[in-house]
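First the structure, which I've put down as structure tokens, then a few questions once you've had a look.
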């Protein structure tokens, strides 16, 4: 695993349509991390959103109990802070590239369920959920419910971090566990930033380190966006 | 789908080792129903079980939100009665073929997560969980923690029901939805019954109908047990 | 207690009208088990049932904290799986003999509260709840809200099991605790089955044992149905 | 009901031993109000009480769903403020007459379950729970676990109120519903007060009215204490 | 602290308008106890109150985690019995002086948050909440939503108790902790009682002690009512 | 408010010792935002931290119901995602400047309660909590429990954002509501970054905008750190 270049992504695979009942779906694998992303369309919006005429895009995130090296309890009596943070991040990221007025008064829920976890599950969720979202919007167009897809451009995400003093792209779980700094970046096909979340787990980091991490992340996101485009062309 | 003979199972596939972090795992597909079963070993027992020296086998059951034709909410604020019933059934069924004294003071948790639901998810969970359990016990033997597997014999389960007045084996979702009577049967390789749960959804049923359903179920379970044996031989 | 013949019921008493505020009620005693069953009528149906024009019959089940030999905690932070299973069983059983279209858009809730528990509380609940249900329906007729009772026929339930290798009718708590197999059977006055729930607590059981248990249960249920008819005649 | 004198109690009955599994029990009926009170002994104390060497007496309170004129939901997702207030009142009242050091490191839980509710359920709970408590303490003495009962003196409770401008003793439900002022009083055999809880439901009340209500309550409590003594003598 | 006369209040301060976003607010300090009281107006009533045309006044109570000498956990998974009792007391007390019909179909919520706790927080909450309520009603009048304030008269509260055998007014925390008897009294400007809650924490108390405590409380409440009047005049 | 220069902080005040019972405390006001920060020391660590010998620093965050322009419900049935995110951020930020090994096996809890909310409450919480933390550590030194403060350097936080196309420092609520981009930055006295959390609320932002926001934030944090130093000198 340590053979991988510091600016190289892990092997990536995107399998659209893995969940046939969903309006859109994608099984994303990045290294040993596997996340099943589904997009479900409902012809209604949350109560606070009614009368706006606009739609809503939201995310949910879960981990199967044995997606991890040791078993984790199910979140059945309320959801942990980490899960809530990730869900909010997924929702914001996908909304940032969706024209909610064009979507109309409907909700698309992106469920990201981690089947296997080896680091980077939240960023893989975003990258995979984009494919599911685009496929769901195509199905709305195909049914004549929308004239065109309300998705404006691609969005993808990756984690970067400083491990053993070295800035690296796309951390797997052992790297993530040992990282001094961990940063998740979400960016769009037009090269703009949606989210930058950098956190010192131990010692704080310098401005120069911050800038280097952001460079690495944007390079990785370009490759992820290209892979999304390719797979979405292939299934058209 | 209606072409299938009344005493024929749906196409079955058992994929052992699908979840590599778990001590044992099996992805079971029966028709369009797919359930990921994992077995997790913990070197401890529930508090009420301590000092008995015996082990414990328990089950958990979940459905991904978009495993179904329309999206279902996650059970995050407590678990529904249906889920609890199924979990208790899974645990009892697998305990019935396990020598808990021989297992020693450890717990095996069988997580059955439905990736796709087209009827018969609880019985598929039991059939798949048996494979995961056996593989986890083999791993305990391989590690020298146990001298021999505490699993005494195979166990499998199937649903039967009366649909349109006709007793049938292995109901898919449309059949299940329309069935007047629904019965789940769990039985072992030695031909004995672990559970018989017959329910009239509408009109009650006669003793003769009950007996015919039980015959159908035991025939189907024989085929499931054979498939388990075959796959467990193959991965030895 | 062990003097009782293997096919004999425990002493039975049905006291209709025990809870005067309820539209129907019955205190059932079977041996030392005592359950207060009340039927409450509400002129509304659950939300998912609206617009169907049909009624609903549902059950709730509880145990007083000191109904048992040692005190049990109240279920105040969510209800256990066992309680939910029993509630669902009570509801299904009573619905199986009720014409819900004839009942019209109202709900009858059958509350079964165990005052004293010595085995067989769920089956006593069903047998007692039937009396409460019938009395509540008579009160709807008496008020002119219904032309005739929507109850089609009697329904009663009993437990059977294999204790010390011997199939027996109507288990009390010590028998139930020691039983290898436990079966609950619900059947109607027309001799048809509503529910058959047989469970191996330890070793699985043979098909022949299953058939013998079912015979015993149907014999016991005939006696329970006769007792219901007698008491319901007496209070007419 | 309005024939009853303003200073007369409703007809009272105390049935000790109604719940045979409990260490002490009493079914109290006052008019149409019926409360089953049980005392359960546990050989342990709450965690915060450990190392004190002293015991604990606590109360729980519940209403059967159809104890009331119209059905009430069970308190299964947390307990209402009213229930918690009553539970705390029951516990404090019984502790006030118990020598907790003499009780030793054990807990007595007084469960007061309302089978039928026609006003005054919290005060009936206290009066009945005292009988259950005394019987449980006698059983500890009988088993040789205690040399003498740790109960120092009797305690009983009653409600009073101003109805239609008239101060009255022992309100039933219709009086309670219409009362401008409601007061619950708990007092001991030595004529001392444990609790005085007076509440203006509508208009505030004068000091003179307050004093008259307290006089009425103390008169009623004397009669309740006499009835407790009589029944406890009878079962000795 | 022990220098204070048995019938003297602690130093009192009322700071109206402390929370500028609220329709009415008051920071009350009595000795070292500090409670921030805010009144929030909503143009709606609880569901059960709809169609009555009348308004509603309700209270909530909380303590900052470090308002106390040692830190207390936040009540984030349900509210304790003590908190619920206090909330109900605050609501009832303020409703007793409000003409709910004149208030019209709106709700005023009185939030009483304890910033520092040195005994008497519930009674300080009531005394401070009255100022917040009056200011909120004045603001409704000023906006032309009401012709006149629906507040009929002042209301205030104080605690009294028997400490070391001596009846005392206005207990601070050390006194409260050691008190044999604790009584909270709520009374109005017209000299009438709203609530009297006397509790023996240890030994019961005599009628004479009860009467002396009530005298002390009413004397203290007169001073509190005068302070309220003064401050409300000053900000007019 | 719009007169403030784009790179100017709002008026700042730090009042140490505002909560006298706490081991350390600070009331921070920045513009109209007011947060009470307390530090509570407990001589124990979370269970998962035992046997490490190291200490722990954690944060909790709450808002009074009427700290905001319109009333918010209390979080009494579980805590929202936003609150959990903020709590985790506070804890991580303060841990980043604390030598947990030097702190020893004790926990410092930083409670940040918003008394008044006008934007920037999470960053004000961090800046104020640092003062409370340092004071609590001084008290540990003063008591002889620690030889020196385990706090390594100052830490402070501020929000920045793009409002009306213009990057600005220290957003108040109206600015925050209208911001296209919102970024929270936490940094230390040595000029290093602890957290960078930039979020596009609407359109994504460019790398150049991101860099400009970070510059603004670091300038503001320098001033906040100077104010902390000054106040901590003054109370030494």
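We call the chains A, B, C, D, E and F, going by the order they appear; numbering starts again at 1 in every chain.
Just so we're on the same page, a contact is a pair of C-beta atoms (placed from the backbone, for glycine too) under 8 Å apart; a residue touches a chain by one contact, two chains touch by 3 or more.
Labels paired with UniProt names: A, B, C, D, E, F = Ribonuclease PH.
These figures come from a predicted structure and were not determined experimentally.
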Repeated interface matching A-F, over half of the contact pairs identical, chosen among C-D, E-F or B-C: B-C
Between chain C and chain F, centroid-to-centroid distance (C-alpha), Å: 60
Whole-Å gap between the CA centroids of chain A and chain E: 51
Gap in Å, rounded to a whole number, between the CA centres of chain B and chain A: 33
Chain C, residues touching no fewer than two other chains: 78
Cyclic chain order - from chain D, heading first toward chain E: D, E, F, A, B, C
Chain D contact footprint on chain E (complex, rising order): 78, 80-82, 84-85, 87-88, 92, 96, 183, 187-188, 190-200, 202-207, 210-211, 214, 218
Residue ranges of chain B in contact with chain A within the complex: 19-22, 25, 32, 36, 38, 40, 42, 60, 62, 64-71, 74-79, 109, 111, 113, 115-116
